[in-house]
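In the two complexes that follow, chain A is the common piece, with chain B as its partner first and chain C second.
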Partner chain A sequence: MLPNILRKLLSLLLTLFVLATITFFLMHSVPGGPFDSERALPAAVKANMATSFGLDLPVWKQYTKYIFGMLHGDFGPSYKYIGRDVREMICESLPISLLLGVLALGWALLFGLGLGVMSAYKRKSMLSAFTSFFSVSSLSLPSYLLAAALVYIFCVRLDILPPAQWESWRSMILPVITLGMRPAAMVARLIRASLLESLQADYVRTARAKGLSEAVILWKHCLRNSFLPVLSLLGLLVANIITGSFVVEYIFAIPGMGKYFIDAVTSRDYPLIMGVTMVYGFALVASNLLVDLAYAWLDPRIRIV
Partner chain B sequence: MFWKKVGNAHIAALFIGFITLLAIAAPWITHFSYSDQNASETLLSPSRMHWCGTDSLGRDLFSRLLYGARVSLGIGCFTALFSAVFGTIYGSLSAYAGGYLDAFLMRIGDILYSLPSILLTVLIMLVVGRGPLGIFVAIAVVGWVSAARIARGQVLQAKELPYVEAAKSLGLSTLRILFKHILPNILPPILVNLSFEIPQNILSESFLSFVGLGLAPPYASWGSLANEGWRAYRTYPHLIFFPALILFVTILAFQVLGDALRVALDPQSRK
Partner chain C sequence: MKLFLLGFLFLAACSNRREILRFNLSGDSIQLDWNRANDTNSVVVLDNIMEGLTTYADSLKTGTTDFLRPLPALASSWALSEQGRVYRFNLRKHVYWTDGVELKAQQFVDSWQRLLDPETKSENSYHLYDVEGAKAFTEGKNKDFSKVGIRALDDYTLEVRLRRAAPYFLHLVAHVSTFPIRKDLFANTLSLRNSPDRLVTLGPYRLSSWEHGRQLVLEANKNYWGGAPAIKTVICKAVPEPLTAEALYENNELDILPRDLPTSMIDRLAKRPDFQTGPRLSVSYLVFNTRKPPFDRVENRRAFVRSIDRNLLLSAFHGSQRATSSWIPPGLPGYQSEGELQPLPGKVISLSAPISMRYSGNDTWNLSFQILQKSLKEKNHVGLRLEQVDWKEFHGFLSALAQHTLPAGEKIPDILHMSWVADYPDAHSFMNVFTSGSESNYSGWKNAEYDSLVDRAVSTPDEGERTRYYAQAQKILLLQDAVIMPLFVTSHQALVRTDLRGVVLNPLDKWYFRSIHLEK
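Now for the complex of A and B:
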């Protein structure tokens, strides 16, 4: 078990290192510099700026400086917001994005679980048909359209929820629902399929023969076996939530990392782009690692070496 | 019942064919260009003249949607096709090579796969440029890995089967066995994967264009049209309604088709 964890940790570090390297060299091969603006700056000013940000050094020196800085949690200064550190900006926006993501994940798991179980329980019902329809259409609906529809209904028509910002719990409802809808559909679909499969198993027949009620069989016997597939889906869900958070933060004007990332890309703020990329990359890779470990912990068959 | 007989998948396939035809025939269907501005006819509601109304610069939304279909569908299909072909070749060669080379090749895929794909896509677009080529490269670079994994798994299984052994004992070359004998047999799962990649890529593109990181004007895609509509949807709902509708229905059609394909090609999943 322990060597396995160690190996996984090593591969996590390797992945992050590769990500840092790819990002760095991609950013350096972008045509045009960060200080190219509409107004042509005097050459001397440009040279001064390049020196103060260390852009006149050879590329390999910039690279080692960047990697070593990152090991110390230092992502360098922002190019666009003069005088601000990327680290400081991330520290400000990360908690907001994290809260949004965790809430959305929680809502997706709860909603998906409930919907999936109910539709497996009543197989030929309207609810089951609704779940199938819901999951297919949620998977086809871009999140910005869902957001637009929700804002239109709840903010414009009914006027009961604020359309943007991130202040009170009321302002969190719509972004969380929007962000969690797609993952919820994925969870519901998976749980339904895996419950339907395990309902055919021999142990379910035994449980029925013992005279257990269908609900007990479903909740106590089958659902446990369905948790493993859901767990393996978790990495995908996190990736989905990260992707979705760009749009959701953009639409609802939430001052999280996704919004900074879009800002940074449009204004070519390289240190900010790289910093945010690394944080997202870490979140994704770390959640994959956690899933692997939890998997091995829950299912002894996987616990080899 | 008619519905049961025809089946959702047929309707979905018909719809996709219809949209594709419209996209190809766009210049012959509408007599408005997608970029012609008309200052006297801005923000009109749908009418007989302008079927979907006009936008803030007086451009006909219907023709913009048709030309947008070229971009959205084109990018979705070509990136998926490229990813599938490249991934299949990569994965099957890797599986056939075996040993350290296989481990190394798949390690590259693993790393790419575990990175946040949307970030890589955006970064690559920055490098290649915000045109159709840029977005094609950006989506394709991260898209081929799943096809490669599937192909590798399938080839690893097929390698041990008697017909491959028979082909080997007949003295056929490795490449010939791989592409003439194994490949046709492992095609179904790859096709299913392809059919799910297409809507995924259409979504990715629309998503990038929506947040303003995708195609730059004057190109119109369904995502960028939705973005334009989003800015004024309270007063001019038709501007977001039509792009949203066509995007949703198209992706839905692809999903339904993919599902049907999966069930038809894989008897195991028939429930």
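Now for the complex of A and C:
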């Protein structure tokens, strides 16, 4: 088990290093630089700007300097948000994004689980039809459309929730629902399918023959088996929530880290691009690692891998 | 008793509400170092917490050109001598910074020295290039600041020597980059992000807090020389998405949406009493690449201009743009309302190869140019290749073009679509763009007569004479040589609560909260 974890940790570090390298050279190869603006700057001013941020060095030197700094926890200063360190910006905004992500994941798991179980339990009911409809539409509906629809219903029509910002628990409801909707649909579909499959299994027939009620069979015998596929889905859900948060944070004006992601790219804020990419990259790789470990712990058959 | 208490609370909430104004900034990447600030959001904040020698009118009657006149602010008066080349500003006395230190003329000298110093890395140094010796100082050709034409004669008198009359100079000293600084403090400006309330300023408001990503809060400055403003607290929220900002406004969580209304809603919003609109000094235009065929020939340029009906392209904008055929926008002396090249029906231009056009803009611009593409194809059988690029890429390309550092093999498109926003409300801000020394002239076109007309216009203080020079120069630019094709002037579109008085849609997109008050 232990060497296994070590090997996984090593591959995590390697993945992050490759990610840093690719991102660094990609962003430097994109046309347009951080200080290109509507006004042509006097040459002396432009030269001073480049020097102060180390942009006058050859790209490979900038790269080694950056990696060295990053290993020491220094992500450099932001170009656009003048006077702020990328590390400070991440420290400020990451907890908000994390809270949003955890809430969305929790909501997705609870709602998806409930919906999946109910629709498997009442397979030929309206609820089951609704689940299928919900899954397909949530998977194909872009989040900005969903957000607009939710804002229209709950803020403009019913006037019971604030349309944006991150101030009270009430303002968190809509962004969390929006962000968690697609993962919830994924969970519901998976649970439903796997429950329906296990309901055909031999041990269920035995249980039925023993006279157990359908509810007990479902909860006690089938559901536990369906958790494994959900666990394997978790990595994908986290990825979904991270990429979804870029848009959701922007739309709901949430002061999280996802908002910086797009902002940094459009303004060619190199240190901010790197910092944010690395944090998200880490979250993604680490969550996959945790899923792997949990999987091995839950299912003895996988431990050899 | 309960009812009474509730009523009291309600009244308290109302009166409280009346002293707070909630304004939307689209972001909070605010540059607090005013020598270096030049983006819209930073300028809004700085215009309210600081002040310069001059400022603009608080209240405008629609249809007047009051905004053309800079008003005394920190300078209570000024005198001109030597054919308008020497300004002597008399500073207001008993003006105090928020830490109690008095305003002195030397603080302007310190500021301007810092603004011009290339070490400061300011993008705004060009604002002072009309001052004697200023440009050489920024370019590093002269390191001795005493050779630059600015001096404090005593604590309350500032003398500025210009190299030419530059009749628009009083506008430049209303720009945030020329505001005074406290040399004993400015080194701290950058470290103030986490304790913005320590920022020492002297404007009608002071910065009281800054929650990153959420909002900045401005509080009225009780010691402001002009008296504390009526609105005690201004909350500047950072909501980037127009639809969200609009929803917050409808939900009574914002009082002013200054710009960026959602395009899809404008037709509906425009009918409401809280919708306000006004002109802006911003012109969008097409520039021809005169270096190579087909637009090296003036006949082709003229024919192209005549083949386009601006009104056709306008349908995409829902009133946020108005057609113009003048390079100097309406409201400024030198504006020409008609007489330029008018569109002709039928086939006007014949070109053998398709032409390319590069631009950076949102979907609305995209739609507008697709309409253009279609009409060119149908009417004139001319193919138009649209090259939409992102903003940074576009300006990276332009600066390489201006400095002749384009990579070998990179083609210059036949047409560029650009916008020009006035730095100051004067025709020179526009006409200067196409002089041969200008770094914003991407056409490859030069004309000695044009240069000389613009130069003469900027060296005379006589308004009538200037307007005549500009009219002649504009004829060369648009009719004789057809170097550019002006398309639209931008309009302000804002939502402002109807109980707010004194809200001015300034054509320079400036916002002064000091003049705003709530209807009693």
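The criterion applied here is as follows: the second predicted complex is superposed on the first by the 304 of 305 C-alpha atoms of A that agree within 3 Å, B and C clash if a C-alpha of one lies under 4 Å from a C-alpha of the other, contacts with A are read in each partner's own complex, and residues count from 1 in each chain.
The rule we apply is simple: a residue touches a chain if its C-beta (ideal position, glycine included) is under 8 Å from a C-beta of that chain, and two chains touch if they have at least 3 such contacts.
Just so we're clear, the structure is a prediction, and the values are computed from it rather than from any experiment.
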Checklist entry - After superposition on the shared chain, which partner residues are touched by A:266: those of chain B (first), chain C (second), both, or neither? => result both
Checklist entry - Is A:209 in contact with chain B, with chain C, with both, or with neither (first, second, both, neither)? => result neither
Checklist entry - Can A:81 be said to touch chain B (first), chain C (second), both, or neither? => result second
Checklist entry - What is the contact status of A:158 with respect to chain B (first) and chain C (second): first, second, both, or neither? => result neither
Item to check | Partner chain in contact with A:250 - chain B first, chain C second, else both or neither | outcome: both
Checklist entry - Which of the two partners, first being chain B and second being chain C, lies in contact with A:148: first, second, both, or neither? => result both
Item to check | Partner chain(s) touched by A:30 [first = chain B, second = chain C, both, neither] | outcome: both
Item to check | Which superposed partner A:52 touches (first chain B, second chain C, both, neither) | outcome: second
Checklist entry - Do any residues of chain A touch both chain B and chain C, and if so, which are they? => result 30-31, 148, 156, 250-251, 266, 268
Checklist entry - Which positions of chain A touch chain C when the two form their complex? => result 30-34, 36-45, 47-49, 52, 80-84, 89, 92-93, 148, 151, 155-156, 159, 162-166, 250-256, 259, 263, 266-268
Next on the checklist: For a test of understanding, state which residues of chain C touch chain A in their complex under the given definition.
Outcome noted: 27, 29, 31-33, 36, 38, 118-119, 121-123, 125-126, 138-140, 190-193, 211-214, 237-241, 243-245, 247-248, 250-251, 253, 389-399, 402-403, 421, 439-440
Checklist outcome for this item: Contacts from chain B onto chain A in the complex sit at residues 111, 114-120, 122-124, 126-127, 129, 199, 203, 206-207, 210-213, 223, 226-227, 230, 233-234, 237, 240, 244, 247-248, 251-252, 254-256, 259, 271
Item to check | Sites on chain A touched by chain B in the complex | outcome: 14-15, 18-19, 22-23, 26-27, 29-31, 136-137, 139-145, 148, 152, 156, 193, 196, 239, 242-243, 246-247, 250-251, 261-262, 265-266, 268, 273, 277, 280-281, 284-285, 288
